[in-house]
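Each of the next two complexes has subunit A plus one other chain: subunit B in the first, subunit C in the second.
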Partner chain A sequence: MKETPSNPEQVVPILQIADFLLVPIQIDLDDKTVSRLQEQLLKEIERTRAKAVILDVRTVEIIDSYISYTLSETAAMARLMGCRTILCGIRPAVALTLAQMGIVLEELNIARDLEHALVLASSS
Partner chain B sequence: MDTDKLETLLGNQAHEFDLAVRITKEEDIAVARQMAKQLAQEMGFSLADTTKIATAVSELARNIYRYAKQGRILLRKKNAGKSEPAIEIIAADRGPGIPDVDLVLTKGYTTYERSLGIGLSGVKRLMDSFAIYSEVGKGTVVVAEKRRRRF
Partner chain C sequence: MRSLLEEVGEERVAEEIVSIASEVPDFPVVKVLQQALRISAKMRQEQEEALSQLRQTLSELATPIIRIWTDMLLVAMTGNIDSQRAQDIAERLLNRVSSTRAKVVIVDVTGVPMIDTMVGGFLIEMFNATRLLGAKVILTGIRPEVASTLVKLGVDFQMVSIARDLEDALRQGIAITMEEAQKRRQLALNLAKGGVGEGNEGNAF
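Coming up: the complex of A and B.
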């Protein structure tokens, strides 16, 4: 596992494991951050030619409609670059909130946890 | 639309609330939701309901920032001391107003390109009560409430 070169522009660390990328999101996703994350991720997909991206949101406490929209949009963009996006670790309270609002995370594969996500990422 | 009610709500004084956040820039959206989360936690809401309250505030603050550029999120503890306290959320702006309130509550309807169109309808689903007062050229006020449940 190697971390991509550190860059002050990076909002989150992106770890490369074989031919996929692991992105542990451990910060509050405000609107600017989530857009920068999208940009950063697409660049890394291009650079590393990753087959899959795993977004780990285990520590993210709030996912609202805009964050959902941007994550789905990012996954659609990644798909156009030949890369799958797997989201894992959605907290129960966040799952309740998203479901109650009627938000569907399109384009994203959902995994229970990181282990499950790694299995999905390797199985393609 | 009830113009008097809209005016009264737009004139709400910040000091009458437990928390008031002015929304003037994008960063204020995250500030508003963090402060809402803190207040809900203090009031003893469950983690699930705290998350719903903070998410609702996030949606309302973003709507203010997007459509009205500026406005306020006001939060108040209600029924203090009773077994079932509630949190009241008021989102108020003197922005362009909404021509068709029923339409914006339709899931999937949006005038903003980067959006799911779920903001307001989502807030309504997350809360126990929800009312919207709006008039074109005057502004918009959303009043929502969430009661604390025993758990």
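Coming up: the complex of A and C.
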């Protein structure tokens, strides 16, 4: 497991496991951070030529429509770069709110936990 | 005295009491009324508590969530579903799915007499939310009249698999869990060998 050097411009840490990037999101996402996150992710995908990105949102308590839209958008961009995006660890309350808002996150693969995410990432 | 009577809010009772008070001057109207008000308020509170507890128990009884196989939950829905019950079922199911990390959720609607647009919309919301937790949903027990209503209303359950009966649902669910266990073993082997998914590099680079 390699860790990318810490950098003040980075919003979240990005860890590399084999061909996958693991991104634990442990900050509150707002409109500004989420677009910086998108930029950082795309750069990192280009640099590491990763096969899949796993976004872990276990500690994120609020995912609004803009954030979910930006995440889907990021996934679509990553797909164009040959990289799958997997989202894991959505809280039950967040899931219910997203479903009630009619958001289904088409572009993203959804996993239960990290293990399931790795299984999804490796099976293409 | 006046304010107390206004609190009671019953004009006829108030008139009666005023007449009693004028006929029997030393009757302790204020004290008796205060006491009566206090007692009735307490009784009402107790009743409301009992009622809300009953309602909670009823909704839990009406929709049991049962673990029927490894990583598999069964939601047996019965009776009419209103928005309050729908919200309650969705919350309980999602918490359960999240805490048990269930792979498959089987939803049996045999006991639901009518599925209208409201219930259909609620089911779609619940299925999408369950999907966001990474579990697969298998729907079963749709009776002919329900199927006909759903199609006429334009509700299509494209995001879930449908099973003929509970047996079929169980079989599908076991197939899903087995397939995933297989993939997991493969991943572990590949990681142990030092490379992941070496056979399918081509699509990524």
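Rule of thumb we're sticking to: the second predicted complex is superposed on the first by the 124 of 124 C-alpha atoms of A that agree within 3 Å, B and C clash if a C-alpha of one lies under 4 Å from a C-alpha of the other, contacts with A are read in each partner's own complex, and residues count from 1 in each chain.
Keep this in mind: contacts are C-beta pairs under 8 Å (C-beta built on N, C-alpha and C of every residue); 3 or more make two chains touch, one makes a residue touch a chain.
Quick caveat: nothing in here was measured; it's all calculated off a predicted structure.
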item: When subunit B and subunit C are modelled together on subunit A, clash or fit; value: fit
item: Touching partner for A:46 - first (subunit B), second (subunit C), both, neither; value: neither
item: Partner chain(s) touched by A:64 [first = subunit B, second = subunit C, both, neither]; value: first
item: Partner chain(s) touched by A:110 [first = subunit B, second = subunit C, both, neither]; value: second
item: Superposed model, subunit A: greater residue contact from subunit B or subunit C; value: C
item: Which superposed partner A:96 touches (first subunit B, second subunit C, both, neither); value: both
item: Which of subunit B and subunit C A:31 touches, first, second, both or neither; value: first
item: CA minimum distance (subunit B, subunit C), superposed complexes, angstrom; value: 7
item: Shared subunit A surface residues [contacts with subunit B and with subunit C]; value: 91-94, 96, 100
item: In the complex, subunit A residues that touch subunit C; value: 18-20, 49, 51, 82-83, 88, 90-96, 98-100, 104-105, 110-113, 115-116, 118-119, 122-124
item: Complex contacts: residues of subunit B adjacent to subunit A; value: 26-27, 29-30, 33-34, 37, 47-48, 50-52, 54-55, 58-59, 62, 107, 114-116, 118-119, 121-122, 125-126
item: Partner subunit B, residues of subunit A touching it in the complex; value: 28, 30-32, 61-66, 68-70, 73, 91-94, 96-97, 100-103
item: Touch list for subunit C against partner subunit A, complex; value: 90-91, 94-95, 97-98, 101, 103, 125-126, 128-135, 159, 180, 183-184, 186-187, 190-191, 195-197, 200, 203-205
